[in-house]
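Letters A, B, C, D, E and F mark the chains in the order given here, with residues in each chain numbered from 1 onward.
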Amino acid sequence: MILADLEEARDKIRFGRSRKSMVMTEQQKLVTAYHEAGHAIITLLEEKADPLHKVTIIPRGMALGATMSLPERDRLGMSLGEIEARLRVCFGGRIAEELIFKDITSGAQNDIEQATNLARLMVTKWGMSEAVGPVSYVEGEEHLFLGREVTRHVNHSEETAQAIDREVRRFIDEAYKDAVKHLTDNMDGLHAVSKALMRYETLSGEECQAVLDGADIDTLRPEPPAPTAEESAPAAANRPATDKPLPEGGTPAEGFAY
Amino acid sequence: MILADLEEARDKIRFGRSRKSMVMTEQQKLVTAYHEAGHAIITLLEEKADPLHKVTIIPRGMALGATMSLPERDRLGMSLGEIEARLRVCFGGRIAEELIFKDITSGAQNDIEQATNLARLMVTKWGMSEAVGPVSYVEGEEHLFLGREVTRHVNHSEETAQAIDREVRRFIDEAYKDAVKHLTDNMDGLHAVSKALMRYETLSGEECQAVLDGADIDTLRPEPPAPTAEESAPAAANRPATDKPLPEGGTPAEGFAY
Amino acid sequence: MILADLEEARDKIRFGRSRKSMVMTEQQKLVTAYHEAGHAIITLLEEKADPLHKVTIIPRGMALGATMSLPERDRLGMSLGEIEARLRVCFGGRIAEELIFKDITSGAQNDIEQATNLARLMVTKWGMSEAVGPVSYVEGEEHLFLGREVTRHVNHSEETAQAIDREVRRFIDEAYKDAVKHLTDNMDGLHAVSKALMRYETLSGEECQAVLDGADIDTLRPEPPAPTAEESAPAAANRPATDKPLPEGGTPAEGFAY
Amino acid sequence: MILADLEEARDKIRFGRSRKSMVMTEQQKLVTAYHEAGHAIITLLEEKADPLHKVTIIPRGMALGATMSLPERDRLGMSLGEIEARLRVCFGGRIAEELIFKDITSGAQNDIEQATNLARLMVTKWGMSEAVGPVSYVEGEEHLFLGREVTRHVNHSEETAQAIDREVRRFIDEAYKDAVKHLTDNMDGLHAVSKALMRYETLSGEECQAVLDGADIDTLRPEPPAPTAEESAPAAANRPATDKPLPEGGTPAEGFAY
Amino acid sequence: MILADLEEARDKIRFGRSRKSMVMTEQQKLVTAYHEAGHAIITLLEEKADPLHKVTIIPRGMALGATMSLPERDRLGMSLGEIEARLRVCFGGRIAEELIFKDITSGAQNDIEQATNLARLMVTKWGMSEAVGPVSYVEGEEHLFLGREVTRHVNHSEETAQAIDREVRRFIDEAYKDAVKHLTDNMDGLHAVSKALMRYETLSGEECQAVLDGADIDTLRPEPPAPTAEESAPAAANRPATDKPLPEGGTPAEGFAY
Amino acid sequence: MILADLEEARDKIRFGRSRKSMVMTEQQKLVTAYHEAGHAIITLLEEKADPLHKVTIIPRGMALGATMSLPERDRLGMSLGEIEARLRVCFGGRIAEELIFKDITSGAQNDIEQATNLARLMVTKWGMSEAVGPVSYVEGEEHLFLGREVTRHVNHSEETAQAIDREVRRFIDEAYKDAVKHLTDNMDGLHAVSKALMRYETLSGEECQAVLDGADIDTLRPEPPAPTAEESAPAAANRPATDKPLPEGGTPAEGFAY
């Protein structure tokens, strides 16, 4: 099917080759399933988050799983509300691990980095912190473009640096707290989505919503589809051949993976 | 018409290609209309601001809209009063969003950066802060010219850096407060200009002034003009074919856009 | 006349092409006239300042006007008294604007930078601050010579950096205060020199001194001379054809202009 | 034997050539034996540590000995519990020296660096410190890739830097304290493993566990095997010809050595 | 005469071309004479200073004058006493100006830099400050050698940087105070040496000592010698043809000039 | 003799050419003799110091003298006790100068740098300071390898930098105090070794020990040996032709010289 092939091609470019033959212990798969379920559920619960496209625990490149949203407004600027929703989604994975396994892993590194980058932009570029004000601050940055180095050095005082750090921390801590509440309020859903991921490995946004709404996981799909050529490895046996094709007009290449 | 073509050429160079086919939701257009109306109204209200040339919500390059002034004294130095007016204009967009939608967006990033750069120049180069005094301070800067890197490192103390940061913040906060007052005092005008932008997409400075003065939006223009070749896309149907030509002697390429 | 041509050539090299056709409003010309008159009068009043050579409000390159002194000892080191005189001259322009128009402009940027550089040298290289002592401090500097970067990083403590900043500020503030006194004590002269500049555009040091001494501006020059080729633009009509030639032995290219 | 050759090849690549002819004093061998025994015993005692593969006091490259674990989850992220176990293993060597010889050596430099790097990642990238929070911090880093320099400068405040340093120190100090407890609780085992290392030079993980469990060292191996070609030097006489071959599916090249 | 030619060659290399035709005012010559006399007298008074070779007020390169010593131990390390003597000599020039003219000039820049460099070495490399201790500190340095940049960044704390700055300041202030005492105790000598320099332009160490001891300046030299080719300019009329030749074994190229 | 030639070759590579013709005053030779005697005596007194190989006051390269030890464990890591012994040896030279001449010289620069480097490693890499803990800290470093710059920037807080500086200072101050005690307790030995050095210029470790133990200096060697070719300069007349050859198995090129 053409759309599934396109989606595969896109995912390969963004995340690397699918690593279906990678040996993961059941425990690792379970941790990953809860991690991705955490991201997915908060994505569904947050009105201002971009719509959930799909969630998967098939390893690809360096990632053990992924939760993808369809972007709608990404290029056109984001509102404070949308950014805060995204911060909460970022922390869904880590929090799910913490709630279920009472242990956390280094696997949230990218989520934390993404959330921090957003929070720093809110404070230093987008004037979204009242304490710091609508002032633009240059932070230590660097680009390499055509072999030329562009270095910008911090030009503000230590006092300002502290105010920025505190506000970044405040945005992060609030998002974290809100995300904890989302998941503790939806523990049944978290277990259900995780269970569905362990069974099907990949869920579309609609399937994920259905599971969260209480759908019977066993009857979520009428019958397991025949595997595609690349998916013919035994490990892929219970995986649906057709990931949900992209809705018209959407450009999944701008999605959001955790 | 020659002048409109020249204006189109200039705008293309400054802001990028007109993106009339770009899919914007009505909500996005509305946010943009209020944002630009905010800039435009403060430009009209501020005696020392450069005269308003035109305001538009036609996306171009990375910008969703633009408010353009005609420069008069830009190259010849600016007075403190003119700079303060410009700072207030900078914040008009963000404040309009905040007043109308109770949410803010990352779209004010450039406005905030522009205001911050001006305020830093006032404090560190132009001796306009009494607290910091008529002293020139080098801030972390960098240029790349013909492959050579010129790096200037800060040479003042942390104590001075704090004084500078506080004065920058003071200029910014005062301008912000003044801009809030301008718009809250002119809420009817803000709604009217925004409505006119939603209808005509582009307004000349005179049209904008007329709307602010209470002119009937429906009768602002006798009839919608025929679209030019480039504007023949359906989305451009209600847009006037002729943006107001430039007044003689003016050089809009040196204008000031928000 | 040969000497006038030489002077024109020198000024073109130092300040850029004369921009007599540049459209300046009367207000801009007036602000410039007072700015340059401020520099000129303090140059005349300060015994230890280098002798005033000429003052002009004809735009040249990026400058709206210029006040030029003849150097005598520049290359051979300056005494504390001479440096302090120079600092006061630096601030004459900004202060004249402030006194007359109750507004200040960004046009004093170069004056402020020049004064700051001198004050930093006094404190960090020339041992002229008792508080900091006869110690040499390296400040962040950079040179580009034949493509090689020479970067020197600050090697002193924050405590020392604060002491340096305070002493720089003290020298600047004292010079500023003295310059304010000079001009408030000579408001009549300031008005007179400014008026003469509006009329003749360029004054020699002697003419400027005569005006400051109360000479009748109308009879300062017997008759307006015929314009040279380059000066034949209408705006130059009331300008003397011959700027005062340089005194023998003087090398104006090493002069000091504000 | 093929597997032993592969293991030799791998060790040569990771640690350098075996230096069996290197002259070590008995005292140096003893210090090394206790150092490695310290690492090995904590590896065995820590449930969440990767399984012990082998421990040796044969010098190789710059290392006087090595304790090697088989990785299981290294590439797939580590949990907080696994990281803390690894920190404790890191300090086992230094602590054994301290307990037995009341002196410490510079030989723990790599262990300390490894532990510090892990602790810094926990605090600045993996969000594992409550005091610092789930925030990502850039620390001074550098890469050289294809001749291009990528420099990232610290972008946080001194206040944050102090919080990071304190948390890094806390993780390290706790791991150190726990490791001290492990070894003081197992002094008999420490002496026994060290004695076995002095006798056999290399122990497999199972042999090491057996010694820790009280096995008779003299009868640990039925008879000394014939030395391989490379091991034919006299010093290798009492060394087993076959290090334990790698278990199937394991990839020791990705192991973790102290 | 060969030796005089060698000396001229050496001076040209070290200080640049003799600039006997340079127009100096009598006042400038007088300031220079007192400046050099200040250096010379302290050199003569300080037992541990290197022996005075000659002192001159003939401009050369960028210097208006010079005081030169013969090195004896330079390459072999200096004792604390020798360094302190050198610091005092450094400040002799500036102090003489201050005592005589009640004004100071920027001409002491090199003296101040030389003294500061010595004092920093005493504190950060030579362990000569009790407060800082026998610890070596790296300060921001840079070398350019064969196009390679070697940058060493400060590796100590701000606290240490403050201690270093204070000790550098203490060594400098003590040397300054001692040098003031030397010259105020020898005002007659200062006037006499300065007068001799105004008359002969260059004095040998012995001549300088004689003048300090009260010799009659008029009879210091029996008759003005015939000028050499290069010295045939009128300004050189009263200058001795033969600067004192170098003592055997001395290598003036390694001398120490102020 | 072959061994002496090898030793000469090695010293030439490590320290530069022997400079027997270098003109040193008797005073300089005496200062050097006491400086080296200070190093040598502490080397002999410290049990954990590497064995003394030889001590010499023959200038070589930039060094006026040298005290050399035979390394035993250098490459294999050093214990805390060995490092502390080495720190004390480092300060022996400076302290001897101070005790005897009541003056100190810049000649201890390398000793101070060596001691500081060791103390910094103890604190920042080897976990030997309880106050700083077993944490690894990156200090500002730089390498130039094959034209590539590797810069590592400090990544710890100012608070930590202060703790490091204080601990470095503590290790240094304790070693200094201990070294002072060693020499004040052995003033007779210091005078004797110094006297022997003035007479023979080079002493072997055994000769030095004998002198320290009270041997008659005059009869230390039966007769002055015939000079080798290179040593045939007059200044070498009283120097033994055969420096003590290296003990078997020793590799002096890896020794430790002060």
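What to note about this one:
Just so it is clear, a contact is a pair of C-beta atoms (placed from the backbone, for glycine too) under 8 Å apart; a residue touches a chain by one contact, two chains touch by 3 or more.
This is a predicted model, so every value here is computed, not measured.
Following the contact convention of this document, F is the list of chains adjacent to both subunit D and subunit E. Think of each touching pair as a link: the shortest run of links from subunit A to subunit F has 2 of them.
Chain centre most remote from that of subunit D: C (centre = mean of CA atoms).
Of all residue numbers seen at the subunit A-subunit B contact, under half occur in both copies; the interface is built from largely non-matching residues. Using CA-based centroids throughout, the chain positioned farthest away from subunit B is F.
For the pair subunit A and subunit C, the distance between C-alpha centroids works out to 61 Å. Centroids of subunit C and subunit D (each the mean of its C-alpha atoms) stand 71 Å apart. Our note on geometry: subunit C versus subunit E, Cα centroid distance of 35 Å, whole angstroms.
Contact of a single residue of subunit C with at least two other chains is seen at positions 149, 151, 153-154, 158.
If touching chains are joined by edges, the resulting network of the protein chains shown is one closed cycle, each chain touching exactly two neighbours.
Traced around the ring of touching chains, beginning at subunit D and stepping first to subunit F, the chains run D, F, E, C, B, A. The part of subunit E that touches subunit C in the complex is made up of residues 23-25, 28, 64, 91, 94, 101, 103-109, 112-113, 115-117, 119-120, 139-140, 142, 144, 147, 149, 151, 153-154, 158, 161-162, 164-165, 168-169, 172-173, 176. Residues 73, 76-81, 83, 121, 125-128, 133-138, 148-160, 249 of subunit E are the ones touching subunit F in the complex.
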